[in-house]
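Note that chain A is present in both complexes that follow, paired respectively with chain B and with chain C.
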Partner chain A sequence: MNAYELNSVEALRAHLAADRRLYEPRPDGQGGLHWQTVAADDAQAFEPGLEPPPFSAKAFFFPEREAMFRFERGRFVAVEPEPEAFTLFGLRACDLTAIAYQDRFFARDGHYQARREAALLVGMDCAASCTGGFCAALGSGPAVGDGLADLVLIPGASWRLLVNTAAGRAAVSGLDLKPAPRDWTRAREQTRQQAAAEQGDAAPLLAGIAALNAGRVPPQTWEALGPRCLGCSGCTSVCPTCSCFAPLDLPTDGGLRRERVWDSCLYEGFQKEASGHNGSPSPGDRVRRYWFHKFGDGFKREFGRYGCVGCGRCDRVCPGGIGARVVLKRLGGA
Partner chain B sequence: MNALALSVLPRPMRLLQRYDDGEDARHFTFQLEDIRAEDAGMMPGQFFMLVLPGCGEAPFTYVSRPDDQGRFSALIRRMGKLTEALFELQPGEVLGYRGPFGQGWPRFYGKQRILAVAGGCGLAPLAGFIEDVARTRSGTHLQVIYGARHVGARVLSRERARWSGALPLIETLDQAGPGHRQGTPLAHFDTVFGQAPPDAVLCCGPEVLMEAAARECLGRGLRADQIWLSVERRMHCGVGLCGHCYVGDSYACRDGPTYRYDRYRELLRRSGCARELDRGELRHC
Partner chain C sequence: MIEVVPSICSYCGVGCGLGLRVQGDRIIGVEPQSGHPVSQGQLCAKGWSTSFAVDPAQRLVHPLIKERGAFREAGWDETLDLVAEKFREALADGGPTAVGVISCARATNEDNYAAQKFARAVLKTHNIDHCARICHSPSVAGLARTLGSGAMTNGIVDIDLADLILVIGADVTENHAMIGARILRAQDRGAKLIVVDPRKTRLARLADWHLQLRLGTNIALINGLLHIIFAQGWEARDFLDRRCADADALRRHVAGIALDEVVALTGVPEDQLRAVAHAYSHAKAAFLAYGMGITQFQSGTNNVIAVSNLALSCGQIGRPGTGINPLRGQNNVQGACDMGCLPNVFPGYQDVADPAHAAKFTQAWNTSLPTAPGLTSLGMTKAALAGDFRALMILGEDPVLTDPDQNHVARSLAALDFLVVVETAMTETAKLADVVLPAAAFAEKDGSFTNCERRVQRVRRAVPPPGEARTDWQILGALAQRLGQPGLRWPDAEAIFDEMVGLSPMFSAMSYAKLDRHHGLQWPCDGEHPEGSPLLHAERFPLGKARLLPVSQVAPAEVPDADYPFAFTTHRLHFHYGCGSMTRRSPLLERETPTGLLFMHPDDGRGMGLREGQGVRVSSRRGVLETRVHLTDDVPAGTVAMPYHFKEAPCNRLTNDAQDPSTKMPELKACAVAVTALPPGQAPRRLEFDEPAHERL
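Let's turn to the complex of A and B:
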């Protein structure tokens, strides 16, 4: 890991965009914030703002719908993605942690891995906390964790750049970068502590996780939360680690195409079997499962961390007001 | 592509033959076009995904292991869209196959006493196991109790006829006429536990039957780690990715569908179903 002074983030961005397609979260002028392509000659200033984009980077690697194979004249033909190299610029710590989580979950999924290998990840420490995020409580921010990105932007009086990987080093070759002063880590740590402190006390959230895993959550709690879930799939769509999917067969000229499309475990029919039996028949069962999947110790054992990265998106989007922060506090009895 | 890549591309197989075998159920013989070592290495209790182009795919257990020509059989009940369409297919037509998936029944060696309890179509996942014991004369003492709703609902008629000559097979019906045993499989536990209790129990059928049978075994002094179940869940990918088949923090397609009963209970307990379990009102998670 090497740290450099970065006189102009825009110059770095232009340099990277000259090589491969580059995306950055940008306001759409109508109140939205989306991942948008930035050309090498784009003069717009890099202004990341406080809030993360409503959609994480998940769809770059695990698209909302994706062809898996075709069936033609009695043969099954694989549809392999052929992604062009691209750069994601300005990824926050939470979303980078989510990418690392999905890297593990999809370790043996050829489609995911092909897209993932095509990506250069440029992370960014958060200079201040977003509203509603609780990444500090879950160890996924506000500073970008080691090894999660090829390059990391560090905000401060002036920008600094960390070069973490060989791919990152190759991507910045040709740029005239001066080493950062030796005490760069101190300033970074100060920013991290400040941003983390803005997120408030982690204890009530951790108490919720502990209660869930100790079996101390009474069934009535889930039954009370259940009716507040409208089964809209908002949380599962915006969650950077949700990855359930369903198969879809689409007719084509002389055959068909099998796609996989995002699904949601909060839909009533998610576990319904042909026999009519449903493994999770009530909304309370499904809500319980959703949070158990994010905060269950069994999943943590398998994937090295909890499935939730504390990005706060589900709290922002849930029409019933039962996002992660609200639910954890409730489970913990706060 | 990554050598570890999961099998998402179906392999072609042909429908060879089919015959009616129980109420709304048919015995199908398929033939794989290219046979792999893993097909022949299939363990009874594992399953495959049957791909019917245009109708999606669904999990079924093998009734027999793919032979050196790639031929194997399955017992399939008409339930919904995919099975309806499957029942309309003519021999010779091409379908897709992925598998084998999941964990099969445990292996037993030597002179153990095994009890297999099957209900309805739940006899299918046990068929390969029963066949192996009936054929190899390994010294394993296997008793089978098979329950169905009525005479016509029984499946695997040819297999049952073969097994009844080779091992003790108790057939029982919810609605029995003259000459048939009456009651659920549980009604006959006295008979099989009478001589000596089994060393292990394998159970497959409706979840209520499996739960009732497991509790009955515990009540008769067996330990939970002597009992195995094969559970049914909705499955799409078969490889632990799509999320549909979860049982607590386990994926039935990968870690099941056979679970040892103590581990199954622990999964449910961990995922917050403990109270339902203790009250005996099992809701699935």
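Let's turn to the complex of A and C:
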């Protein structure tokens, strides 16, 4: 890991964009903030703001609709993705943590891995907390964790750049970078602590996780949350670690194309079996199941961490107002 | 490579912002627009599933001509020549009263402007209508009589400012989910929530008070509330004096009402009536929203007037956080009305019978215009059955599935000499057409939609239309040219919008550039209100003083009896929309509710020995169908309900076309049915459309 002074983030971005397609979150002027292509000659200043894009980077690797195979003239034909190399510029710590989580889940998924290998990840420490984020409580931010990105931008009085991997080193070769002063870690740690403090007391959230895993949440709590879930699929769509999918067969000339499409465990039909039996028949059961998948200790054992990275997107996207932060506080009795 | 194109959701009238995720020529998904004033970065299940609805794999991509009962693909020139010839024949044969256009509440303002111009300037008829007839025509008529204007008086943001929210006959979290969500958030911050509905909707279950009135007793209930309010002196006297005329007639009318009769009629206990009357009249700001549970009755217009009486009597209008707020069903049903796709008005609600308006449009369009009054869509249906109607164009609607008494609609379409349907997919109505023209979907064209709070918002072309599909206005322009009228050949959607703005005073200060800058603008938007009008009637009503009109309870035209012992109502599901032509393409939404259902109270189910999911036969005086029963206390004992999205169990085979006298709104919300059990294990028969139900079952 090497740290450098970065005189111009825009110059770095232009350098990276010259080699491969580069995406950066940008406002669309109509209320949206989306990952958008930035050309090498794009002169717009790099102004990441505090809020992460509402849509995580998940879809770059695990698209919401993706062809898996075709069936033609009685034969199955695999559809392999052929991704062009690309760079994600300005990934937050939470999203990078989520990518690492997804890397484990999709470790043997050729489609995911092909896209993942095509990507250069440029992370960014958060200079201050976004509204509603609680990454500090879950150990996924606000500073980018070790080894999660090829390059990391560190905000401060002036930008600094961490080069973490061989791919990162190759990507910045040709740039004239001066080493950062030796005490760069202290300034970074200061920013991290400050941003983490802005997220408030983690205790009520941790109490919620503890109550959930200790089985101390009474069924009435889940049944009260149930009607507030409209089954919209918003939380699972924006969640950077959700990974469930369903098949969709579309007719083609004389055959069909099988896609996998994002599914949502909040749908009643998700667990419904052919017999009509449903493992999670009530809305409360489904809400309970969802949060167990995000905060259950069993999943932590399997994936090395909780499924939630504290990005706060579900709180923002949930029409019923029962995103992670709200639910954890309620479970913890706060 | 992914591009995100900001647009507006094409489902309901809430008008949520969404970003269309485009990969190549396909929309693969959507992203929320966190800064959008209406949806604030949230969407419902339908909005999230948009990519499936517009998927080119299941779309109409070529013009189709029916020959010997089967469709064949044809080129645009051949097809448009044929359509023009058929309209010429129809006009020669029956004159302009024998042709008409049914436009589309899901198409853009620009498409709708083109449709009414095509009817009026090319076909020379005011026979132009759309499905507002069967959703909010009573709102337009009722509020025109009491206030002088029929749209939401306040904005969606006013929910955030209310300390009480009263919902009557609207299943808001399911049908207008982002408004429902906003109501839930308002309740979380301390606002009181009152729901008036015969069904236990999600909101009703979460409400502070749920008045579970008997089906079709809205006026009795509201008059009961008004009786209490006036008897207690809780009315807003100052507001009544300053802003309303003739309060005394209403005061006398409700004074004569016996509360115990209200209780007996509605089934709502007196203490609940008193609590709600007190809460609504004492709220600092009470936001009243209503839906089809008010309008879809033969007393629809009077129901709306009763709602208006309540809000006016308590002064809950004209201020932030208040208002009379009809929730509109389609993404652009407001716009289709605004654009004049109604038989009686030009764009901007300019009366066709007013010679000054007629002269203005005659001059602007440089052609003669009809003087004969136009027909409503049901009027056209009836004329066709009577043999007085020759040719009809239907743009993007599926009346065979969504209108009352389906056999009747199908027979009337069969009685036409010529039916042309402009559609994105092969609907049940399109199957009956002589010619089907492939239309571009919302994501494939530029234009604007107007949501239920009167906000005109831009939609943008994100992908090209599949195959040979074209926008409605392009099709109408090419057809007009063949019929000798070149005035519908616009270069782009913006040119249509600008033409409309130039002719409609209520839109006079709007332009695409301004819409882009402001996240859309709410009409009226004119010299006096250059930034639009979030709040209506703050100073005065269009009528000057508002009118309180005494109305009396009218029972549904058909009530349960020995032969048809269940009260029957219709509703919608969160996961489906309209006739299902969009939502049922999503594997996830289709999995949620794959077939139609009959909702029945468990006590009734027990009485009939029914098990959950068992097949049942449901019959009314008009038709019969088979479906599966879902036992739930969502409905009270004695009342059963069906959603209308499912063509294999089409509840509009059962519904009554008894009509509201002033608007011809059919009574879709109430009729009487009989239910019989199918033997356990026997699957319900899925209906096919080409055979009348009576003969088959």
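By our rule, the second predicted complex is superposed on the first by the 334 of 334 C-alpha atoms of A that agree within 3 Å, B and C clash if a C-alpha of one lies under 4 Å from a C-alpha of the other, contacts with A are read in each partner's own complex, and residues count from 1 in each chain.
Here, a residue touches a chain if its C-beta (ideal position, glycine included) is under 8 Å from a C-beta of that chain, and two chains touch if they have at least 3 such contacts.
This structure is a prediction, so every number in the text was calculated from the model and none was measured.
Look at A:P281: by the touch rule set out above, it reaches chain B but stays clear of chain C.
By the touch criterion defined above, A:P251 lies against chain B and chain C together after alignment on the C-alpha atoms of chain A.
When both complexes are overlaid on chain A, the residue A:A78 reaches chain B alone and has no touch with chain C. Applying the stated contact rule after C-alpha superposition, one finds that A:Q36 touches chain C and leaves chain B untouched.
Of the two partner chains placed by the overlay, only chain B lies in contact with A:E273; chain C stays clear of it.
When the two structures are aligned on the shared chain, A:G298 is found in touch with chain B, with no touch to chain C. By the touch criterion stated above, A:E64 is placed in contact with chain C alone, chain B being left untouched.
Once chain A of one complex is fitted onto chain A of the other, the partner contacts of A:D263 extend to both chain B and chain C. With the contact threshold set out at the top, residues 246-247, 251, 263, 272 of chain A are in contact with chain B in one structure and with chain C in the other. Considering their complex, residues 68-69, 71, 74-76, 78, 80, 105-111, 113-114, 212-213, 215, 217-219, 222, 243-247, 249, 251, 255-256, 260, 263, 265, 270-275, 277-282, 285, 288-289, 292-293, 296-299, 302 of chain A touch chain B.
For chain B in complex with chain A, the residues that touch the partner chain are 1-2, 4-6, 8-12, 51, 53-58, 79-80, 82-83, 94, 96, 207, 232-234, 236-237, 239, 241-250, 269-272, 274-276, 283-285. By the touch criterion stated above, chain C contacts chain A in their complex at residues 1-4, 6, 17, 19, 21, 23, 28-29, 31-37, 41-45, 47-49, 51-52, 55, 57-58, 173-174, 177-178, 180-181, 184-185, 188, 202, 205-206, 516, 519, 574-575, 587-588, 591-592, 613. Against chain C, the residues of chain A that register as touching in their complex are 21, 27-37, 51, 54-55, 59-60, 63-65, 84, 227-228, 230-234, 237-238, 246-248, 250-252, 257, 261-264, 267-269, 272, 276, 316-321.
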